[in-house]
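Consider the two complexes below, in which chain A is the common component and chain B and chain C are the respective partners.
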Partner chain A sequence: MAEFISQAAFEIGRRLELRGLDAESWLIVIGPAEREPEALDTFLLELGATIDHPVRVIQIEDQSTSKISQTLREPAADTVILTGFGVFTPAIWREWDLGRSRLERPGAIILWLTSATLSEFCANAPNIRGFVGGSIFRLSQSGSAMTDSEISERIRELESHYQMSSDQMIERAAKGELSAEPQIAEWLILLGRGDLI
Partner chain B sequence: MRNLNPTAPARSAIDLGLTVRDLHGSIYQAMAARADLDPGSQQILVGGIGSGKTTELLLAEQWLKEHGQTFILYIDITAETDLSGLNSGALLAGLGLHLSRAFEEHGSANGFSSQERKTTDLASERIRDFAYGQHQTPGKLKPPFPPMRRDIDGMHQHLEVLLKAVRGQSLDTVVIFDGLDRLITPEKFWAVVDQDFQVLRRLQVAVIAAAPLSILYGSGRPISEYFDRVHHIPTLQGKAGSASTMRSVLAQRGAPDLLSELEIEKICEASGGVLRDLIALARDAGEAAYMDESDSIKSVHIKTVIKQLGESYLRGLNTDQLKALRALIETGTFDVSSRIGIELLVTRRVLEYSATDFRVHPALAPLIAQN
Partner chain C sequence: MPEKASERALYLDSKLENQAAEIKLPRFKEVLAHLRVYLSKQNLELGLENNIQQILKTVVKPNLGIITVGPPFDKGPTESHFKMPFGARLSFGITLREGNGACSLIAYRFHIQMGGGSKPAFYRFDLNERRHDTPLVEPRCHVHPGRDDIRLPFPVLGPIEVLDRIFYVIAAR
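Right after this comes the complex of A and B.
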């Protein structure tokens, strides 16, 4: 069995919505190596489409918690993806861990880590790790947890549930006739029509 | 589900009635009563990450407001400033700023003569200079500089002015410092608190402070002996009635609406008695069922979330730590005073159930065996 379960961006979004977008959630997404910014861009786009709530990316580099704290408060209620932890030494992780209180905010914080930076984090930031708990998810390579046949199967399920074909759904979405349910957003993304969300 | 939020601010969880007040045998009452009756006393509260220290400190604050004859200040000093430079004076600066603000907000200076007002305003100004720095001199709440004894003794006078005004209203001052437990080692903790706490004792300000768990063991013990009282929050399992205590924590948050008796039992066991893990596992199990579009939480969901938690504890362990964990599982041996032992305790890979009963976190133990 894989180390951590894999989740697509829209699944992360559904989790955040279930918890409450102002519930001070902390979670970790293990993305591909940081030299692949496209994966983060895709994740940002799909997450933003799923939760219909502002999402932004903050590049950490070697910023202190004081500086990041200010950025996290302006605004404080959106969902933030923190990235750029490749430069973090154990000492910087420990400094962040000590200053965990200054990072706390109503909006969700997603730490975008690689497998290597995840190990450094778990070794050196036990207080922040305590907030994350088991909310650590691998982003699958394709950005979706599903194979082609799984996608087809899922689309069939959605068509059956909503009693309409995918074409009918797209037509209604284009006219703005559909409610903003997570499953509708998921359906549109699976069909490659995230533009209609 | 929203009541099962393991990272909700402790203050809002208390206000919403989600906390079980006598969870740790009313430690908060003991701390508050001592602080109320013994001005200048200094107590520390130690407990592992996620054990509920902040909740106990806030309950103590609440108790003092309701019952005590005190002017009480709760300060999460790690939210105010960066302590990573181990700078003495930061606690005094934080207290001074809070006192000044309290004076301004609550009009404590009402009824003062103009001379008294001038004196308190000047003291507040000097405190701000000490905290944030003057033109030429760096402050205590900026990137650290070596502490100056003269500097801290000077602060004594300015704080005394404000405290005298508080005493003028027949109140003693109690300060609760949260966040100091994140200094992790006894040496770092002592480097930050030593001089400041000496000043506070001379000023007859009662102190209750969160302190690192490591202070109970090895090189921490001499430091713990400085304090008038050391309160320890142990992990919930391992003491009589702990199973029903954990159930009551989940019941207070509505978990029985989501989970069967058997599932609650599995979650209680897998949490190891770590309060935050207990709440998180219940939330995560509900979340897993939702993601699975299941009508109810099933055994597979419980298994998944326990494994997720265990994997998060497994990550980042080095070979020495893994060896120590294996030895604890296989032979029951564990050197709590060693550097490795303290690391494993502080990071909750090992849980303390009593002074002699240490066990690997139950979510982690099966994964150690597999590795």
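Right after this comes the complex of A and C.
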């Protein structure tokens, strides 16, 4: 399996914008294997914010193309993310490939796949694969959570700036003796003492 | 402290307090998504090379969260700042409380350090976590026009609205 370009939701959205949001587009986004529902939710939020255009998710399950085509047309011009291909057998992929004309619509279709379902797709849906062409992207991880070392470093900066230890800060916060600067609220949360806010 | 001035400041501060309480933001993940996209768009439009994935950081605790770019205090350029044109740099921290599918503002700080000898050298928009005893010198929501010891009252804004002032009003000059 070839390696694919890693792209953030913003970059994928920009590609859709450049093609035209009312142009028929097929893309595949390879989502992470772990924490998939969370990754899909984040992708949906960021894509929607990027293109400022309606985006919806459709759970495919094992729907036939005739069933799904109705859903794709209501409405027809938004951007749709199709997910739930984990249950697809090779036979269902082949049925989809044969009935691909029923899936055509003016708005973009994004197939949300995993590495495993991508292999099945490529092996059994060569014509839809042709629609997609080179538009297969691995979703780059947003990775915004501060690491433990970043949190520790930040706490050190705060202790240095305010010239007091975290324990001293907590003691003073509990007595209501601290200023209300935004950095104090951040410090308390970093220490897990949001109860003092 | 002039009595009437302090009374006027107290009244204004109560209005700022109400403004803060009235701002309702979407759930934390959505606020984060909007900020990530906003900064990505600015990056693109200004031809910058900030790695948004790397500099936009969060800390999430049960019903409280922080979204940051850059250090808590600007003491010089760092890799974690959002670098802007003409040598300016942006750092911010937003503290939110989440409940019932929405977020409310607890505090924020947005610091733009200007470059190239600009005056004032920086602007910082602060929303304090609570009111101060002397709101005439420290309103709950204020802007520092280049001095840490001067705080002028400022409307409480949503995070994107503050960034709009930074990118389209301050940095655009």
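By our rule, the second predicted complex is superposed on the first by the 138 of 197 C-alpha atoms of A that agree within 3 Å, B and C clash if a C-alpha of one lies under 4 Å from a C-alpha of the other, contacts with A are read in each partner's own complex, and residues count from 1 in each chain.
FYI, contacts are C-beta pairs under 8 Å (C-beta built on N, C-alpha and C of every residue); 3 or more make two chains touch, one makes a residue touch a chain.
Bear in mind the structure is a predicted one, so any value in this text is a computation, not a measurement.
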item: Contacts of A:58 with chain B and chain C, given as first, second, both or neither; value: neither
item: Which of chain B and chain C A:130 touches, first, second, both or neither; value: first
item: Chain B versus chain C as contact partner of A:102, first or second or both or neither; value: first
item: Which of chain B and chain C A:14 touches, first, second, both or neither; value: both
item: First (chain B), second (chain C), both or neither touched by A:121; value: first
item: Which superposed partner A:5 touches (first chain B, second chain C, both, neither); value: first
item: Partner chain(s) touched by A:50 [first = chain B, second = chain C, both, neither]; value: second
item: Which of chain B and chain C A:194 touches, first, second, both or neither; value: second
item: Where chain A meets both chain C and chain B, residue numbers; value: 14
item: Residue ranges of chain A touching chain B (in the complex, touch as defined); value: 1, 3-5, 11, 14-15, 18-20, 23-26, 64-66, 94-95, 97-102, 104, 118-124, 126-127, 129-136
item: Residue ranges of chain C in contact with chain A within the complex; value: 29-30, 32-34, 36-38, 40-41, 44, 52-54, 56-66, 68, 71-73, 93, 95, 106-109, 126-132, 140
item: Partner chain C, residues of chain A touching it in the complex; value: 8-10, 13-14, 41-42, 45-46, 49-50, 140-146, 150-151, 154, 157-158, 161, 179-186, 189-190, 192, 194, 197
item: Residues of chain B touching chain A in the complex; value: 1-2, 5-9, 49-50, 76, 78-79, 82-84, 179, 182-184, 276-277, 280-281, 283-284, 287, 290-291, 304-313, 315-318, 346-348
